[in-house]
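Same chain, two partners: chain A is paired with chain B first, then with chain C.
Moving on to the complex of A and B:
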């Protein structure tokens, strides 16, 4: 949707991101960097459906969980490299998205959202009760056997660069979508579905395409998560909390913008509930205050998300400077 | 030669209520035909049926000789049948150019070609100076104009225009009228719903009148103005008797 002049800033951002993991060797900070890349990638994938196409999914944890479980199970049971398991998980998620999408994308607004929540809940319950396969509620431990083929690394910095690879791949796909007919069509569907149909937009097909692409990349990030934490459990991997987190990051960063989901992830991740351990007993619960504060501030002052509001503010500043310069 | 658009015995019910009842119509390529009727006569419903947004309970609709009942609007637009909406539906957070590009993408897959085509349409419709404006910021006249421009970009053969003059002042109506006449000269067949009678009378070669979902009259503007059932439908029985 944007002009070619965005190439410069985007390339610059990639370079900066590549330098970030070199700025620290502290494991605590490196963990945040890994997580920002990981959640940034997941949020970017969610944005394809939720931001560009305007289909507000709160069930993306389902695809995340399928990715995490498929690669981990294939690795534990057959010693299959998670790199291959990741693609199997991605394919499974895409297939799942296609079926669920076909049944639910005709539903509009809140009804679609409810259908996606239900989907993730069903998978979560299945994962908890199907003990023989998934290890049930206690989850799945992936034995640590470092190596490139096993997708496990001794150093967090290596994880950071692998995570960055996933993030950049997702960003590249969104970059291509934005510049194609598909990108325009998805936004048109979000803005006015009936008008889009009158102009020949095959709405069902495009929504399915968006959800399939989004599910595939969310699934890859799920595998990355499993390989990083080496532990997958249904209460987390399929949780509504996780689905909401993807959506929140994008809302805060900027729905339907390229860089927004990454900005949202960079802001939210350090405050993330799952970071509570690091805040210590003295500050227990404090993260929730920060979390809430950020949300309130964004809703009050940056309704269109950080990416859009910053661009608008920058434009205002340029105009003001020009006006001052011309007297 | 078969008419460009033909409907026979079209019925659309909402519950027990007939919104469109047993309507026949035929529109020849190159015509400008008007559709009038009191509020609630079923005009917009008939448009929705003809353009594929609603499926009729009974009857046959043929476009360019082929049966199109049950085809979705996105398929009908490929054949060259396109509608506008009474309550305009701009893609608010897209620019005027991008709005028109969405239409142009029907025939052109590359964004650069679609942008070029959209520029051409904007020039044709006199909106070039607005190309980078967000559609949601446009006043009603320009929204209506954008609605027409967007459908033009799909290269339609038949346009169903639903009250594109409503809410416009006399100067703006004149502008829209000129645009419609230009489209007609370009070879586009027009079927229009309109409440502004002066527009209908001056623009249309033929007029259909709908009342309570039924077609009660059809003819030239002069015939329609004198038709007793039309006068009765619009002004009530007493007027006729007086």
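Moving on to the complex of A and C:
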């Protein structure tokens, strides 16, 4: 895993990220920046379970949806600030993650994936069914009343910095996990579950911990999404597509790497079909065909993702250059 | 009488589910690969039937025969290009390679044919056969009969032919099978192709009965996972009985509780089975882990 020498590049990256929203005042580009931070945060959260612990959840949209709905409903019904609603949603997601996790952590490989898909589907069906509470299939509109307490802002740049805050918080947690005993345990579980168990790693407890942390942060991003778009609908917020999108970004960027999910988000988001509704279904379908193709090619030929493969290529190049220099 | 009707509807629906699931369970049983693109394969079959009917007025049941070689080719290509490279690789590769194929197929359909709901307008789509006071949908009955026939044929193929026996040998012990000069790669190719043909056939048979649109694969794909896990992954008979059970659960919960919630019920059944009896009703214990089971 990473050593202390990574502090420098990581701090530099944070500075660069903080400068990015200042580079443009164009709303279109600013929207892309906000989304890169937002999806980067969600992908980083997914990476805790999928990348470090090696449990491939395709049900993370459930936590995203819970976060988006809890804070929005509390705000609409009681005028509760989404900042507090966000924590309520996070707690609810963590609880749901505990239940999902308890039911499914014993399952391995694709069976865990199937169980997470099924549980997210149940939530989606319930969210559409309880129209009175959730607005049903047509969704929930959050009235725009800008203000710090209402977690709504006039300027997209403010959203970009708030989104960056969420992203950095998630990245900081992953940074801490990487350096802690827990991080090593999770990687041990990913690499060889039975061996890890034999060596005394409390496998089930650690998987649960990873899912709960991951769910909490995914849920926060869900709230951010709701506050940014001011509209939540079950067919999107709980969808399998969304869960696949989180996984896709991490896999393309690099499973189990600190910067990979953000890198994946930065590569994927600018072409994200959901923000290009004006292109029509056919064009957005074309983008998704391309993503599917990239996903297949990356898992087949660049298994470690772009972050690691680039680092390896860079190292090979440095070695080669040294060899050439020394004759 | 209403109970008889519900049971009949449930069993017919279950037969459809079983037909969809046979290919999935066969592929898993032999290759140990969960094909997450299974629902999208079905969607491709439905569109094939739709276009053959729409463009050349080829009756649905005839297009099943015409399309089988095309599905065989499709399965061959998917195996050669993707599945083969995932064999023996980690979960990430196996899961996301097939997830990626699903994303590609679903959205390629969206690009080519838009997201519109399409239906095949033909007389037998709504044909209903009345027996006593019970109504039986003819297309669903046909799908049901084909499901039973396909299961029976696969059973005979696996038990009576040399190729079938080779497939079962691979399921029991791939290494020993290899020592007996069985070409693993060829067995996997054969199995994947047969499984693809089964699901393509299912798609064609379902085409007259369901709206056809690119995302329909998601719901049917999920149903087939539920059926297959319930019946025991890799078990043919399990897929048939699992399909019937899920059909009954769906019809009864839809009738007595709420139509909109019926899917939630079988997902709950699914999670309960995964938790309480992960090997399914007819699967072999440990099959959900890494072990090897039996097909029939």
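Just so we're on the same page, the second predicted complex is superposed on the first by the 304 of 327 C-alpha atoms of A that agree within 3 Å, B and C clash if a C-alpha of one lies under 4 Å from a C-alpha of the other, contacts with A are read in each partner's own complex, and residues count from 1 in each chain.
The working rule: a residue touches a chain if its C-beta (ideal position, glycine included) is under 8 Å from a C-beta of that chain, and two chains touch if they have at least 3 such contacts.
Quick caveat, the model's predicted, so the values are computed rather than measured.
Could you look at A:184 and tell me whether it touches chain B, chain C, both or neither (first, second, both, neither)?
First partner only.
Under the stated touch criterion, which partner chain does A:226 make contact with: chain B (first), chain C (second), both, or neither?
Neither partner.
Of the two partner chains, chain B (first) and chain C (second), which one does A:199 touch, if any: first, second, both, or neither?
A:199: touches chain B, not chain C.
Have a look at where A:104 lands relative to chain B and chain C in the superposition and call it first, second, both or neither.
second
Quick one: classify A:49 as touching chain B (first), chain C (second), both or neither.
So A:49 meets neither chain B nor chain C here.
Quick one: chain B or chain C, who's touching more of chain A?
C
Is A:86 contacted by the first partner chain B, the second partner chain C, both or neither?
Neither: A:86 stays clear of chain B and chain C.
Between chain B (first) and chain C (second), which does A:34 come into contact with in this model arrangement: first, second, both, or neither?
neither
Of the two partner chains, chain B (first) and chain C (second), which one does A:117 touch, if any: first, second, both, or neither?
In the superposition, A:117 contacts chain C only.
Shared contact residues on chain A for chain B and chain C?
The overlap between the chain B and chain C interfaces on chain A is empty, containing no residue.
Okay, in this complex, where on chain C does chain A touch?
34, 36, 82, 85-86, 89, 91-97, 99-111, 114-115, 214, 218, 222, 225-226, 229, 258, 260-261, 263-264, 267-268, 270-271, 274-275, 278, 288-290
Which of the residues in chain B end up touching chain A in this complex?
Per the stated touch rule, the residues are 51, 53, 72-74, 77-78, 82-85, 89-94, 98, 101-103, 105-106, 109-111, 114, 150-151, 153-154.
Okay, in this complex, where on chain A does chain C touch?
Counting only chain A, the residues touching chain C are 54, 56, 58, 103-104, 106-111, 113-115, 117-119, 121-122, 125-126, 128-129, 240, 244, 247, 251, 255, 281-282, 284-289, 291-296, 299-300, 303.
Show which residues of chain A lie in contact with chain B when the two form their complex.
These residues of chain A touch chain B: 1, 179-181, 184-185, 187-188, 191-192, 194-203, 256.
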